[in-house]
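What follows is a set of structures for review.
Same chain, two partners: chain A is paired with chain B first, then with chain C.
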Partner chain A sequence: MAVPAKTSSTTAWWLIAPGVIWMTLFLVIPILMIVYVSFWTQTTFKIESTLTLASWQQFFASDTYITSLFTTVRIWLIVLIATLVIGYPTALYVGLFVKNKTLSTILLVICVIPFWTSFLIRVLAWRPMLGKEGAINIILQKFGIISAPIEALLFTELSVIIGMTQIYCVFMVGPIAFMLGRIDPNIIEASRDLGAGFWRIFRKIIFPLSLPGVVVGAIFVSVMVLGEFATASALSGRKVNLLGNIIVTQVGSLKWALASVVGVILTIVMGIVVALFLRIVDLRREL
Partner chain B sequence: MESRVLKPILAVYVALFILFLYGPFFILTILSFQQGPEGGPQFPIIEWSTYWYRHIFGLTEASRVAPLPVGQAMTRSLILAFMTMVTSTVLGVMSAQAFRKKFKGSDIVFYLIVLGMITPGLLTGLGVALVSKNIFNVDRHWWSTAFVSHVVYTFPFAFLVMLAILNRFDASVEEASWSLGVSPMRTFRKVTFPLIFPGVLSSMLFAFTLSYDEFSRTLLSSNEQTLPLAIYGTFAVEIHPNIFAFGVLTTLFSFSLLAVYAILMGLSVRRAKKIAIQEEIG
Partner chain C sequence: MTAEAHIFRLDAVSKRYGVTVALDNINLSVERNEYVSLLGPSGSGKTVLLRTIAGFETPDEGRIEINGRDVSSLPAHERGIGFVFQNFALFPHLSVADNIGFGLANRNDPLPHDEIVDRVSDIIKLVGLEGLGARGVGQISGGQKQRVALARTLVTEPKLILLDEPLGALDANLRGRMRNELRAIRERLGVTFLHVTGSETEALAMGDRVIVLDRGHIAQFDHPDHVYSKPATPNVAKFLNRYNMFDGSISGSAFKSEYGDLAFIQKTKSDHPAYAVRYDRVAVDSDGSAGKGPSLPANFIASEYLGSSIMYFFEAIGGKVIEVEHHLSHGAPKTFEPKKSYRLRWKPEDAIVFG
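Now for the complex of A and B:
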């Protein structure tokens, strides 16, 4: 018994309404509110809805805030490249080289499991690794590679980058491995029969076909790294201040308007980054 | 492809990669068995002991190291994770059901839902805090503002999982049930639900664990501490191996959730296979 088209469309709307209302109330309006409040007047402990550009001027007049904008972009770029360079070979092995389906699933699961554990504990776990008396320094000294412990490993920008790379790597590996797994082995076989070396096959076939995966991974990693603050404050000893850290400190001192300005700037930066990635590949067509 | 050379090299690389993923946690686990209360959060291990595990449960004598303030926070986190799990799974199933037929505006609705999982938690938290403070004039609590922002994050996961399940779903079984005069509610319970159960289970796992570990959304949208906020609070002061011990315990908890999930999933797949075989015989 076919349900008439009109009723099924009404049913669809009833089913979707709670979700749409939820997302509108608790996601869209809040984001619009951030934009709105960024133009509010900030007094010592309060914000009033009189519109002003004061908080915006305060942001762009301050060296601290501008520096943190550049730090955020720099760390994002480094982490993005690091996750790609470190994650790609893993994805290549899991998605293309492992012919056994079970083994490849197991490897992927091993990579994904940390995603289900506490993010903060994963960040914290880098402290005893990187410290002056940390595991890395002890191992390097034992093998006589270094004579004195490297102090630059913890509470620096480097420790933040190492921590973020480890935490966000899996978001790069997953999508790339997925795209590589879909490559028809016959294409590679054919090009090998025609005498192409691995490097050439990689450049001409494997990499281009994995590009949508790279773009999806890059979008995930970018959005998460740009919105980060916890890794920076836990592993840099508050030396690295990202835009996210500014938001947290400003809210802590009840400077809601300035926090909102930083929030809007963060959103704009992310928007630009995502738009740029989407220009590389037409995801709707490729996926 | 020179796979004879490349494949072993890549295999070694992947092993190193897994070491990179799990190494820090491994070291953290070793150090959680440090002697207490004098032993610090670094090597060498003075003496192996379970002191810091007992310390968490208040089973040791009072020392200069304060107990971790996790008791109440733990209860809140578990209740919050449960609320989030139920709400986002229900929303996810309903929305994905709606998407089985294309309807007007479905594209926009799709992006609206997915936006929830890609918006950074800090912005969701900030926005929800601003709205509750300046529009509704209500206080921020873990069970109200933090709860809604958690669902904003986990509902898209549930939705996408359910969408993937329903895409492979054969609608004719439902139609058969309807044409036999079974009511839509009963059809959903008896026919649709068993078929989409693996998806529901995955949605629940996603929602519960993501909410239980959620930090950045909660930070700005809750006045009270949940578990991740309590853990974060200890980062600011000198750290002791008790936080490592706690990290091991909470990770074991996450792993056991994954194990329960895997078992239930295995059972449901087995059952589905059995039914399929019976049908073939019949």
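Now for the complex of A and C:
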């Protein structure tokens, strides 16, 4: 069997080669470069490859930067929970309660339709919704629920959270609906026949079987929210600064070393988050 | 007979999907402690009937009684029945023991943990799954999955278990073994099994009684030997796959077919005239003359060796294939020449005639 074994390993190598080359050129080398540049010496107008810890010290000595690290983590957690709370029931409906496969596909496509417009327009569209004289305030006033407009709706952390939840929710719905759609309806009938009520079936059968979808959705949402900057700058009026916003500002003023430090920290945070999620389920086995 | 002698009874049950009639005025009662097989070709409504008894489908009309209680409006889990799915429908994320204990642990009044463990280990022994309790259901064989599916239902102690083509997902060898086991397990527990199958051999081999379903109504409900030797309608004879069937009409004491007048002795009342003769009741005569009794000329095509018997295929006028079964215990197989004409004959008393 030596010859076929050799052939198959050669074939395997050729199959993974494009991926390996691509990942090396555009992922591994850039990450190493960022780590390297984060130790370079930054002066006002130029950057030199002399190694120093100065940029790292600058980051950890600054209240602004540390605060933005915590803001990033806080907003990520809130958005993650919000997308899960809104996304799971939606996915449950689309993936499990809608028996008609065509209808459930149509519903999923409807979830994706907002993505046919540009990201920036989707974010900016929240301004006329949430503003002092925006749609929500006008409606609430018309119905006499409030007498003065709620100003906290726009240019606050709340508006950033609302905007992000709306934009990223579909990334939670998709994978969960996919996993739920794969559950054999006979399994649910069997558990009902064995006497389990709806909540028992949900807790013991449906939720565990959809968990891989939850984990994949959570990874999608987490990676995107942690790297976010556009929603924060468009909807917070520059009051909410995420790590992504700091990178944009620093790159804008040609402070490559500090931008690299923030980039490395962000990558580490994402790495930890993804690793934690992957501990929940063995995705390779489940998918 | 009192109502308590019946485990379940259907009273004028009908079910339609749009214009298609899936179940047409079904009246049926099955006794306790009985193995009943439900035979029908695909589309005859057998799965709908099973799912209606289980409570997964609601009938449009009629009444369903289980254990002397009207359950027509009750959901599946309040009917006190067990259901074994064709694809087993095991919970893929749970172990064998957790699958089996699911019903006891998750019903509205869950049993205490210790009692669940005891009952699960008892049933694991009963179905022969010792030592596999901790395995995931993805790590066991098809036959073992079948046992888990059965054990999961048996442990909740239903009086009636409905099995939807339970052997369909198994290979031929395993199917034979599981047949015996299903019967043995049922006898040990004294519950009633209603076993849906599309295989006539399975239905006849397993059922104490056999229900034959034809386009939404019950064509015959009888002991397997009666179904086999005295099919009630031409379609039942056709489903059994053991009869040569001829079209035609009755005229006086003969059956007029395209092969001439075929003699018979008894006839069964039916709307559709047909003449049937069992494969193993046909004899092959190398003498081509008509002679006495019903017979017809046919050309030999091929033979098929089946171990205990041999099947001969002949082609009659008009291309109709006629099968003849020769049991090897009745003598050595004969050899026939392909394309040569022979005469197939049988005794008039072996003919089953509908009309």
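Note that in this section the second predicted complex is superposed on the first by the 262 of 287 C-alpha atoms of A that agree within 3 Å, B and C clash if a C-alpha of one lies under 4 Å from a C-alpha of the other, contacts with A are read in each partner's own complex, and residues count from 1 in each chain.
The rule is short, and it goes like this: a contact is a pair of C-beta atoms (placed from the backbone, for glycine too) under 8 Å apart; a residue touches a chain by one contact, two chains touch by 3 or more.
Keep in mind that what you see is a predicted model, and the values were worked out from it rather than measured.
With chain A as the common reference, the superposed partners chain B and chain C fit together side by side. Within the superposed three-chain model, A:L53 lies out of touch with both chain B and chain C [touch as defined at top].
For chain A, the partner with contacts to more residues, out of chain B and chain C, is B. Of the two partner chains placed by superposition, only chain C is touched by A:P208; chain B is not. Residue contacts after overlaying the shared chain place A:D184 against chain C, while chain B stays out of touching range.
Within the superposed three-chain model, A:T90 lies in touch with chain B and out of touch with chain C [touch as defined at top]. Contact with chain C, but none with chain B, is seen for A:R200 once the two complexes are overlaid on the shared chain. In the superposed pair of complexes, A:M129 makes contact with chain B only, with no contact to chain C. Shared-chain residue A:R192: touches chain B and chain C both.
Judged by the touch definition given at the top, the superposed model places A:L103 against neither chain B nor chain C. Superposition on chain A places chain B within reach of chain C only down to 10 Å, the least C-alpha distance between them. The interface of chain A with chain B overlaps its interface with chain C at residues 192, 197, 201.
Put simply, chain B touches chain A in their complex at residues 1-3, 6-7, 10-11, 13-14, 17-18, 20-25, 27-28, 31, 41-43, 91-92, 94-95, 97-99, 101, 103-104, 109, 112-113, 115-116, 118-124, 126-131, 133-135, 148-149, 151-152, 155, 159, 175, 178-179, 205, 209, 213, 215-216, 219-220, 228, 231-232, 235, 239, 243-244, 247, 250-251, 254-255, 257-258.
Those residues of chain C that touch chain A in the shared complex are 54, 56, 75-77, 81-83, 85, 87, 89-93, 102-103, 106-108, 152-153, 156. Contact residues on chain A toward chain B in their complex (touch as defined above): 1, 8-9, 11-13, 15-16, 18-20, 22-31, 33-34, 37, 47, 49, 86, 89-90, 92-94, 97, 107, 110-111, 113-114, 116-122, 124-129, 131, 133-135, 138, 166, 169-170, 188, 192, 197-198, 201, 219-220, 223-224, 226-230, 233-234, 244, 247-248, 251, 256, 259-260, 263, 266-267, 270.
Per the touch definition, chain A reaches chain C in the complex via residues 184, 186-187, 189-197, 200-201, 204-205, 208-209.
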